[in-house]
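As written, the chain order gives the labels A, B, C, D and E, with residue 1 at the start of each chain.
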Amino acid sequence: MMAMIFNFLIFPGFLFAAGAGLLATWLDRKVTARLQYRVGPPWFQPLADLAKLLGKEIIVPEGVSRSVFLGAPLFGLAGVTLVSAIIFSPAPFVGDLIVVIYLLMLPPLAVIFGGSASRNPLSAIGASREMKLVLAYELPFILALFTVVLKTHSIMIGEIVRYQNLSGLMIGSLSGLFAFAAALLAVQAKLGAVPFDLPEAEQELAAGPLLEYSGAPLAVFRLTRAMLYFVLPAFLAVIFMGGGLDPWFMLKYLIVLTLIILIKNTNPRLRIDHALRLFWGPVSGLAALAFILAWLGK
Amino acid sequence: MNILLWTIFLPIGASLLCFIFRRAAGGAALIVSAVGLALGAKIFLAGQLLSPLLALRAYPFSASLYLAASFLTFLIVLYSLKFMAGKERLGEYYGYILITLGAAAGAFFATDFLTLLMFWGLLGIPLYMLIGLGGDGAGGAAKKALMIVGGADALMIIGIGLVWCLTGTLRVGGALLPLEQPLTVIAFFCLLAGAFAKAGVMPLHGWIPAAAESAPAPVLALLPASLDKLLGIYLLARLCYDVFLVTPNSAVSFFLLALGSLTIMAAVLGALVQHDLKKLLAFHAVSQVGYMVVGIGTGLPLGVAGGLFHMFNNAIYKSCLFLCGGAVEFKNGTTDLSKLGGLAKTMPLTFAAFLIAAFSISGVPPLNGFVSKWLIYQSLIELSKINAAWIIWLAAAMLGSACTAASFVKITHAVFLGRSEAKAREVHWTIWLAPVTLAALCVVFGLGAYQLPLRFLIAPAVGLIGLIGVWDPLLAAGLILVSLSVGLLIYFLGNVDALKTRPIFAGGEELPAAGKVSGVDFYDTVRQIRPLALIYRAGEKRWFDFYELSAALLRWSSAWLVRLDAKIPGIIPWLRRDRAFKIKLLGALIAAELLVEGLLLVSGVREILTGLAALAMVAAAFYLAGRLGGSYANE
Amino acid sequence: MSVIEQIKTRFGGKAAVQERSPRRVYLTVQKQDVTALGEFLFRELGGRFSTASGVDTRPGVEVLYHFAFDRDNLVVSVRTLAEKPELELPSLTPAVPAAEWVEREIHEMFGVNFAGHPNLATLLLPDDWPDGVYPLRKKTFESEQELTAREN
Amino acid sequence: MLKKLFKWGLKKSLWVYHAGASACNNCDIEILDLLTPRHDIERFGIVLVGSPRHADVLLVTGVANRQVAPRLKRLYEQVPQPKLVIAVGSCACSAHLFRDSYNYVSPIDEIIPVDIYLPGCPPKPEAMIDAVVKALGKIQ
Amino acid sequence: MDKKETLIPIGPYHPLLEEPEFFKFYVEGEKVVDAEVRIGYNHRGIEKLSEAKTFDQATFTVERICGICSTSHPFAYVRAVEDISGIAVPERAEYIRTIIGDLERIHSHLLWVGLAGHFLGYNTVFMWAWKYREPVLDIFEAISGNRNHYGMFKVGGVRRDINDIAGLLKAIDDVESFCNMLLKAVIDDPVIKARLKNVGVLKKEDAIAMGVVGPVARASGLAIDVRKDHPYAAYDRVKFETIVMEGGDIFNKTAIRLLECVESAKIIRQCLKQMRPGPIDAAVREVGAGEGIGQHEAPRGEVIHYVKANGSNYPERHKIRAPSFMNVPSFKRTVIGESLADAALITAAVDPCYCCTERMAAVEPETGRVILTGQELVRLSQEKTEQMKVKLRG
């Protein structure tokens, strides 16, 4: 029991994921800055942002449902925390791959409900874009992940890791590589990173769903986003490159993170219909190709 | 009298009283449905019961279904007391609800195909009448429901005849037919039509959205949302495992999976772009059936368990959603999404119930909808050992789930969050009690999935099931609670005392009244994507509506019939009477159908007559439908 | 035929032509001819509508419409007068869509009414600007004070 | 203890919302210039945000004309406490040569409380960074 | 289907807008079906307060109409004043004016390209474009002592000479090579193409009807350029191309702006080569009476100033038309039917400059009549203010 609580709250659960995620967002900002010939923020920057936000007063817009407005960020955090505990557990713990896919729906849903509860027209447009984006990336994400399931014949994350330890990494095979590419783009969208940052498109929608948030709820949203920066690339690394929380794994994680940052900095934002077309067209096609290859044993 | 007979004849008898004593109808219906619930509990606890008369038999599976049906009926009657107060034709309303309950009991407990058929046919009448109660425009919807459901019933007669020819017995489960010969397959599909039309599987779904446009909310909650699903899927399950033998990787299994996936995706895509609350929910009522069909269609115990569990879950959350929609309509007088908004603050209980049910239908862990979907997904993954097509069904099911979430985001935004103009207050307790109870049940069935529903409702019917995944709802819920507290802790670490209310930020301007995003157009982008745009456009032209297609066919054929008419005026003169007469005639035919079935049952002279009656009635029904279609075309 | 010659042929009797330099021509017309001349310059001679300017003079508000002829290195200015106190001019906007905003501007700055203008709503001044106060007009201060008092 | 943490956070992470009030664009452009490689204020943790709800610092440029003044006040109220206001440019500080305009209402500091005045037409980016450093000193 | 239009307010305070403006987009889903714009948030009414300013002082006033094109207005203004009585400007001053004018074009276009990248969510482009814009500002600082608002122009000449020709040439080379690089990047990037091609198309006939100017007009196939059509300063002594494209979409507008940077670099290089030593100021003492019109091809298009003088030291009427005043109204014709995400970009694509649009820097004369003087208007306004303050506090 104590061990479980420790796993969940300290390592590799909440605290570890939060810390690693905050560092990852810093890395993102730093690398972005370097690519733009800038110096970039110091390493403690995300932490300072959070501390600052906690000290700010919380503003609730007039006439909104307080419970939804203030409750939404918490549910997003709960979803990502649970995932962070599941994906590193070697033994079956709480849930399997399908559970992870569904739990990963919680953070976007939290953002959507928060934005929708804000009653601001720009937030509402942002929420609708976020939802459309979810619809867009869900298909290739599912196809890519189930390509792995087809190869490993298991939906248990521990089993998938074990399979890779025995028979080589997923990404080593052609189908695994394609599936990884498709899943990577889906993760890019899940992170709301450019070119898929259209729900929060700062220049169009101010901050979209988060427009009305301030103080602690905003801090929780940012923390959730930061944890996703750790959890999602780590999830990809576990599924496609094998798991185990060792230095090698951190290297794998960093590779995935670097890919994400690079995509982010070399592309302009897409329009929502472009994103839908991209995900339902080429990216899903890529994932389907990966599946077919996997079926053929490649 | 046998307790099983009570379940049938008490409500049907009471319905007569309702027709006569209209004032007391509500109270009577409440008492009768409460008695029905008590009977249901008793039967459920008893496990096995038999009634020689009418050849009824209760066993755990049918008992649990009856329990669910009577429970929902009770809640909905309670809900109706205030909701329907002051409406016209209340006596009929409660009477038909009771007939539905009684006939459903008969259908659940029947062990004989003819008994089944009799009650099955009987169910069509209250369905027609209840939808017709909706006032203006309800007539067309009711007719549509009757045509589809009645037509499918006619096919069922053929199917039963064929089954009898093949096995020589009319007992359900008398013999297990492997689906090899063409005749068996035809029989299977004929019977399947009956189940599908009731449950609303594509392409026989057309009556549900049509009904949702006009029928009262409790009617929708009772019939298309729950009772008809229970009946249809019950029949489907029995057909697949008690009458015919559906094996994994068979052509029929493939067909069911394909049809189920198609239903999930097509209906949910339809739901995404609806702009009326009840109609949107109706599309989900169709979409959710797809999961059950997929689950049962796998041919694996895991899938059947998932499908049946999903059936119960769907009855719970779908009724809840329709009842919440009714409450919204009750207070605001409209279900047009563009006219609603901001009710979360004024109707908190309705909102909470709706939100839980919406999360449940979207498959958000740890609610019940997730668990049943999870079981179905696992069964699909099991199929991976056999056939590569599983990924298509799985992707359709999971994407359908995401689309469901999307359309509920739209509703929640448009009705409960978003901006408000309405100043509605919370509804009377009798109205919110039913949805809140059902929402609570969603949570209970989700958290205690293994301990309660799977153990008591599903396991007796399916037997033991072997999971291939892991999901520990109680632990997960506990951990979610822990992380929620962590989040709350963060709030309290922060400057939570300084909670201020400020106007909405609109670039420094005051937000103009028109600055309201109603949510109606949330998914226009999806609609405009090719090839979806083409599909949507075709859908708007009703190309996928079986009924409309047939109507078009009939319109075309009726032109020929009119010519035929002109040539044979002397032979059947009454055929040229007015339309109202023909509707009555159709009603009479259905009554005759029931009568014949009753006679057959008593006389035992089944063999020849069944086939003849079936053929005659199908021919007559088609002819009349054609004529009606003709007059429909001329309107 | 050059632009000036064409104008002279067509509007010789109505417009007083003043050729300040080969690149600058000023035409003075009665207000009823402005629309016809403007349309002629814009549609037939292909002049680009540059802008319009107003000056408050003793008899009324003098409005100049400037047309640029880019191929001929020429700017033609059409001068007309909106007499006090009505200050009414026919609007050029129906013929020359580009004139919409600048006529709105002259309307709110000078109080010139452009008959036939599709939308004379406030363009530059604040929402709560008092009615009847025209910043660029030369009125006595007392009358303005009166207006402000009335507005409040 | 917590208060200290909050203060530290505020000092290290100032989020800036830029409110132009009838400015000539020059100060606005120079503010944007602060983000760009030569000046890069992100290294001090300063970023420009899109919503006033996220802001700690309100940068006001230009003279507030009659149309803008009430909006500016509304905007100021949208910013959660603790907040700072920096008036950037001569116009915001003293209305510059627009002091006598008929559309000019009152100095910015009579509409909203201003913490730092930063004159210049436009102030150089270096001066703006200096102003922000001074603003940090004001945080109590 | 009864569809209800939804109003999306953009502004007056919005990250898309550097300056406060209020756009109202009426949308169905994300498709814009109607649009309105309310300006006036930037209206400073320079006219009344400028009335005591002499011809010379007004140069500084008009410079503060806009910070980005702070040379365009003085340029057109001094040309208008010189037009009144045909003041001749020394040759070297003409060259310096040309150099300053086109340096400004480079800095302004790079600024726009950066902002466009920013609006596209492509911050790398934003940072890079602005990085290469800095050297241009450095040149300005070296020449005039200020990064913006250079104060270079005066009636009859310029105020400062250009001496560091070698440094200028080097900076120009750097900027030119960067523009070429960016041009390639923009034209080849598939995502940028998808976002910009066929978006916000301004048809040629609409362009003519709305009288648009500058790159907006040239992107729609109108070959107009004041520098070519109405030659002035040293523009008739240098060789350059007027870039014209037919598409009318944002992609064309972007490409034109980048190509124009390259052309401007060419112009500056030729000017530096041709420039001979000499006086830079005609030392004008008397303006005289009459009317004058001055045009200048600003980065955003033609600026036109009309000055009426009555022989005193003050202009009687000074009318200014900035290019954005013609370009902004055309947004309605381009934005309807596009998606909301593009609408933001389309409104930005004309490179709107609202402080220019709302200038109204008309300089009135001192006449003998009792008129509503500036101070009185101010007093009126301040009275109103006091009332408003009471309201705001209450």
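Operating definition for what follows: a contact is a pair of C-beta atoms (placed from the backbone, for glycine too) under 8 Å apart; a residue touches a chain by one contact, two chains touch by 3 or more.
Because the structure is predicted, anything quoted here is derived from the model rather than measured.
Common neighbours of subunit A and subunit E (chains touching each): B, D.
Among the other chains, C has the CA centre that is most remote from the centre of subunit B.
Of the two chain pairs examined here, A-B and C-E, the one linked by more C-beta pairs in contact is A-B.
Relative to the centroid of every protein C-alpha atom shown, the closest chain centre, again from C-alpha atoms, is found for A. Taking each chain's centre as the average of its CA atoms, subunit A and subunit D sit 34 Å apart. Taking the mean of the C-alpha atoms as each chain's centre, subunit D and subunit E sit 25 Å apart. If you average the CA atoms of subunit C and of subunit D, the two centres end up 41 Å from each other. Subunit B and subunit D have Cα centroids lying 60 Å from one another.
Contact with two or more other chains is made by residues 6-9, 12-15, 20, 30, 40, 43, 45, 48, 127, 131, 339, 358, 377, 380, 384, 388 of subunit E. Multi-chain contact residues of subunit B (touching two or more other chains): 493, 495, 498, 500, 502-503, 505-506, 508-509, 511, 515-517, 522-523, 525. Within subunit D, contacts with two or more other chains are made by residues 2, 6, 19, 36-37, 50-53, 65-67, 71, 75, 78, 80-81, 102-103. All chain pairs that count as touching, in label order, are A-B, A-D, A-E, B-D, B-E, C-D, C-E, D-E.
Residue ranges of subunit B in contact with subunit E, taken from their complex: 275, 338, 506-509, 511-512, 514-518, 520-525. Of all residues in subunit B, only 493, 495, 498, 500, 502-503, 505, 508-510 touch subunit D in the complex they form. By the touch rule above, subunit D contacts subunit E in their complex via residues 19-30, 32-33, 35-38, 48, 50, 52, 62-63, 65-71, 73, 75, 96-106, 110-111, 121-122, 124.
Listing the residues of subunit C that touch subunit E in their complex gives 20-21, 23-24, 26, 48-51, 53-55, 64, 66, 68, 70-71, 73, 75, 77, 96-98, 100-102, 105, 109, 122-128, 130, 133, 135-141, 144-145, 148, 152. The part of subunit A that touches subunit D in the complex is made up of residues 29, 33, 36-42, 44-45, 47-59, 202-203, 206-207, 210-215, 218.
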